[in-house]
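After this come two complexes, each holding chain A, first together with chain B and then together with chain C.
Entry: the complex of A and B
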């Protein structure tokens, strides 16, 4: 078991993550019922407030805290206990992020920030909402640098050695995150905050959108990479084998530093102010980032086949039946991966330049979200939670919990299949995203959208309700394993941290020479962004004043 | 770095697929002109109503085969008189906003334009079939976002 202080830090992070998860999923439940006109909100609450809370709390807060809880545990496990400085800065980071989260949440609840988690200008929220978001980011930077410090200490003590795979991947994710956040920090500090507090009158809207999406796409990789870490490092251990290939795993991760950032324009394909050349260049770069995911898919199925054959699986597919399906830690993550196949394919469609017009800002995108971050990432985190929390608290994970865990992931799967399939089809038909209940004055086209077997108002609500029940079951499991389950006393009752061995003898050393990857990453960013951003600043139209249209 | 033979096959297949996809997209875009909505023209968001073509929003015939439709989006409506355009002719939509970001999206077509204050979004489209098409805003713009819609008639 790792040091008590490190466990406490990790548990606080996971605790906040699940508080956000609880409120965020409740908002989701309300949304599906408002959208099918079964629920009228009281006058002091509106759909877009709930939508903002759902997005911020689940996509930003739940993910970020859980990721840090996972990183802290894994870094302590693989590199040794944190020193006092690392602990101190981790706690400062935690509290700064938490203060920011509370500020942003209060602003949302009080109706001062119904601007959604993308907060596109010139919708103008209270300045304190932007300050809150800035603190969230700054807090993650402080926590990130604490982990980097821990890593640097280890590297100095182990000259010439490659770091353990978990630590390598954590540092990769952090490097990507810090570079990615530069965009959102720039726009929030230099554009939104001065404008929201009235120190300047206007804002350059197109620039703010581009800086946001410079951050917005790598943000999704910040969610995905920790899930990939679980797939690469945790899953092989659950299967009783080693990491498929240490060098390929590291290569895939450094490719994410390079290609996950200079791609933000693929979120802005249907808007003015960016010429087709730059849009298309970033589309090409977006397709590059598919390559490390292809590497990952191969490694995963390679791992499964090795493990299945080791357990006596015969023939072309016999190994598949020999996987540990009765282990909820494995099955949950397997389902998560399976969802990423259509999720990733949908992403390729969305990024395909003019094809984006068919789906941009439709319900399809909402469906896409829910089978990328909403299941592959979230269900991987659930699969980690089942052992991570009892590992940190030293409590048992009983047979009953294992069963509840299965019910939880099965219900999440069913709910998500219903809801996301419905959303995808609705989007193709043309139904817009981010809208409260509306029939557009009973326009025949709008009525048609909701007339299908899967695309009616009931399917989404049923899916959403099942998802909410599943979420509450997960909260129950978390509360039990965090506070109430009996303490493990016998050796066999202790839950382990399943970290697979990884042969790094043949791994090239240059993979851990960060300056190479940071250098190439910045070169690509400059190529993809310098000229279009320069154009946005120097050929800017008169700026926009703020509007509060809610 | 060792690559398994099957992994090489998989990666070559994967990367080749990506190259094919990108080629299809790229050729369609740059040699057939199938590019998404966009444009580099700017406008003062406070002076939209005095700036051509938005000082006279609606349908204008440019020549025998081309029509221009100028639209001003604002929370939560589109300023344009009755929209009627012919099928089979090129329609050039030009849209801008006087306040926040909106979209100008025509249901059942590929017209799906982001509308950004300070910028003019342009999209050329030819309707195949006559009928009444729903136009809606699919970018969140405030409490009345879900009521922001209008209609275009294609004859």
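Entry: the complex of A and C
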């Protein structure tokens, strides 16, 4: 077990994550019913207010806190207990992020910030919403630097050695995160805050969107890489094998530093202010991300096959039946991975320049991110929660909990299949996202969208309700394992941190020479962004005043 | 000198078929949307 102080830090992070999850999924449930005209909100509550809370609390807050809880635990486990300075800065980071979260949430609840989690200008929220978001980012930077400090101390004490895989991957994710946040920090500090507080009258919309998406795409990798860490490092241990290939894992991760950032224009393919050349260049760079993604897929299947054969699996697919399906820690993550296959394929479609026109701003996109972040990432985190929380609290994870865990992931799977399939189809038919209930003036082609077996209002409502029940079951499991389950006393009752061994004798040392990767990353960023951003500033369109549409 | 026999190759045929199926899923989904795009 890791040091008590490190456990406390991790638990607080996970605790906040699940508070956000609770409120965020409740919002999700309301959204489904409002969109279906099954629920009328009181006049002081608005659909877009709820949708903002849903996006911010789930996509930004739940993920970030859970990720830091996981990082803290794993870094303490793989590199040793945190020193006093690392602890201090981690707590400062935690509180700065938390103050920011509370500020942003209060502004959303008070109706001053119904601008959604992407806060596109010229929609204008209260300045304090942007200040809150800025504090969230700065807080994560402080926490990140604390972890980097912990890592640097270890490196100094182990000259010439490659760091343990978990630590390597944590640092990769953090490097990517810090570089990515530069964009959003720049736009929030220099554009949104002065504009929202009225120090300047107008805002350069195209620039603000571009800086946002410079951050927004790597943001999705900030969610995904910790899930990949679980896939690469935790899953093999659950299967009783080693990491499939240490070099492959490290290579895949550094490629994400390179190719997750200079690609934000793939979210702006329909925008007139960027020339096709730069869009095309970033589309090509986006497709490069397929390489580390498929490396990961290969390495996962390889891990499964190796483990299944070790347990006596024969023939082409006999190994499949020999996997530990009765272990909820594994099955949850397996389902998460399975969802990522259509999720990733959908991402390739979204990024395919012209094809983006078919899906842009439709419900397809909503379906897409619920089967990328909403399930592969979220369900991996659920699978981690089942052992991480009892590991940190020293409580038992009983047979009953294991059963509830299965019910929880099965219901999430069913609910998500219903909801996301209907969203994908609705989107292909043309239904827009980010819209409260509308009758489309009874236009027949719009009404037809909702006639399908999968796309009708009942199916969606059922899907959303099942999802919400699943979320509440998870909250129950978290509360039990955090506060109420009996303490483990016997050796066998203690929950372990399943961290697989990784053979690093043959791993090339340059993979851990961060300056190479940071250098190439900046070179690619400059190639992809310098000229178009310069153009947006130098030939700035007339700025826009703020609008409050709600 | 006796040649050392290379270690028996690990059987990863299932992995090969599986990754190929992932590729097929990607291509099929892509082509479906591509034809929707062309048809509109």
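Note that the second predicted complex is superposed on the first by the 550 of 550 C-alpha atoms of A that agree within 3 Å, B and C clash if a C-alpha of one lies under 4 Å from a C-alpha of the other, contacts with A are read in each partner's own complex, and residues count from 1 in each chain.
In this section, contacts are C-beta pairs under 8 Å (C-beta built on N, C-alpha and C of every residue); 3 or more make two chains touch, one makes a residue touch a chain.
None of the values given here were measured: they were computed from a predicted structure.
Of the two partner chains, chain C is the only one that A:345 touches; chain B does not reach it.
Once the two complexes are laid over each other on the shared chain, residue contacts for A:353 go to chain B alone; chain C is not touched. Contact with chain C, but none with chain B, is seen for A:316 once the two complexes are overlaid on the shared chain. A simple residue count on chain A separates chain B from chain C, and the partner touching more is B.
By the touch criterion defined above, A:534 reaches neither chain B nor chain C. By the touch criterion stated above, A:362 is placed in contact with chain B alone, chain C being left untouched. In the superposition on chain A, A:428 makes contact with chain C only, while chain B stays out of contact range.
In the superposed model, A:305 lies in contact with chain C only, and not with chain B. In the superposed model, A:544 lies in contact with chain B only, and not with chain C. With the contact threshold set out at the top, residues 294, 298, 302, 348, 352, 354-355, 357-358 of chain A are in contact with chain B in one structure and with chain C in the other. Residues 294, 297-298, 301-302, 304-306, 308-309, 316-317, 319-320, 341-342, 344-346, 348-349, 352, 354-355, 357-359, 428 of chain A are the ones that touch chain C when the two sit in their complex. If you check the complex, the residues on chain A that touch chain B are 46, 48, 114, 116, 120-123, 204-206, 209, 245, 247-248, 251, 268-276, 279-280, 283-284, 287, 290-291, 294-295, 298, 302, 348, 352-358, 360-362, 430, 432-438, 440-441, 443, 445-446, 506-508, 539-544, 547, 549-550. Only residues 10-15, 17-19, 22-23, 25-26, 29-30, 33-34, 36-37, 40 of chain C touch chain A when the two sit together in their complex. Of all residues in chain B, those touching chain A in their complex are 1-4, 6-7, 10-11, 14-15, 18, 21-22, 25-26, 28-30, 34-46, 75-76, 99-101, 103, 105, 107-108, 110-114, 116-122, 133-134, 136-147, 149, 151.
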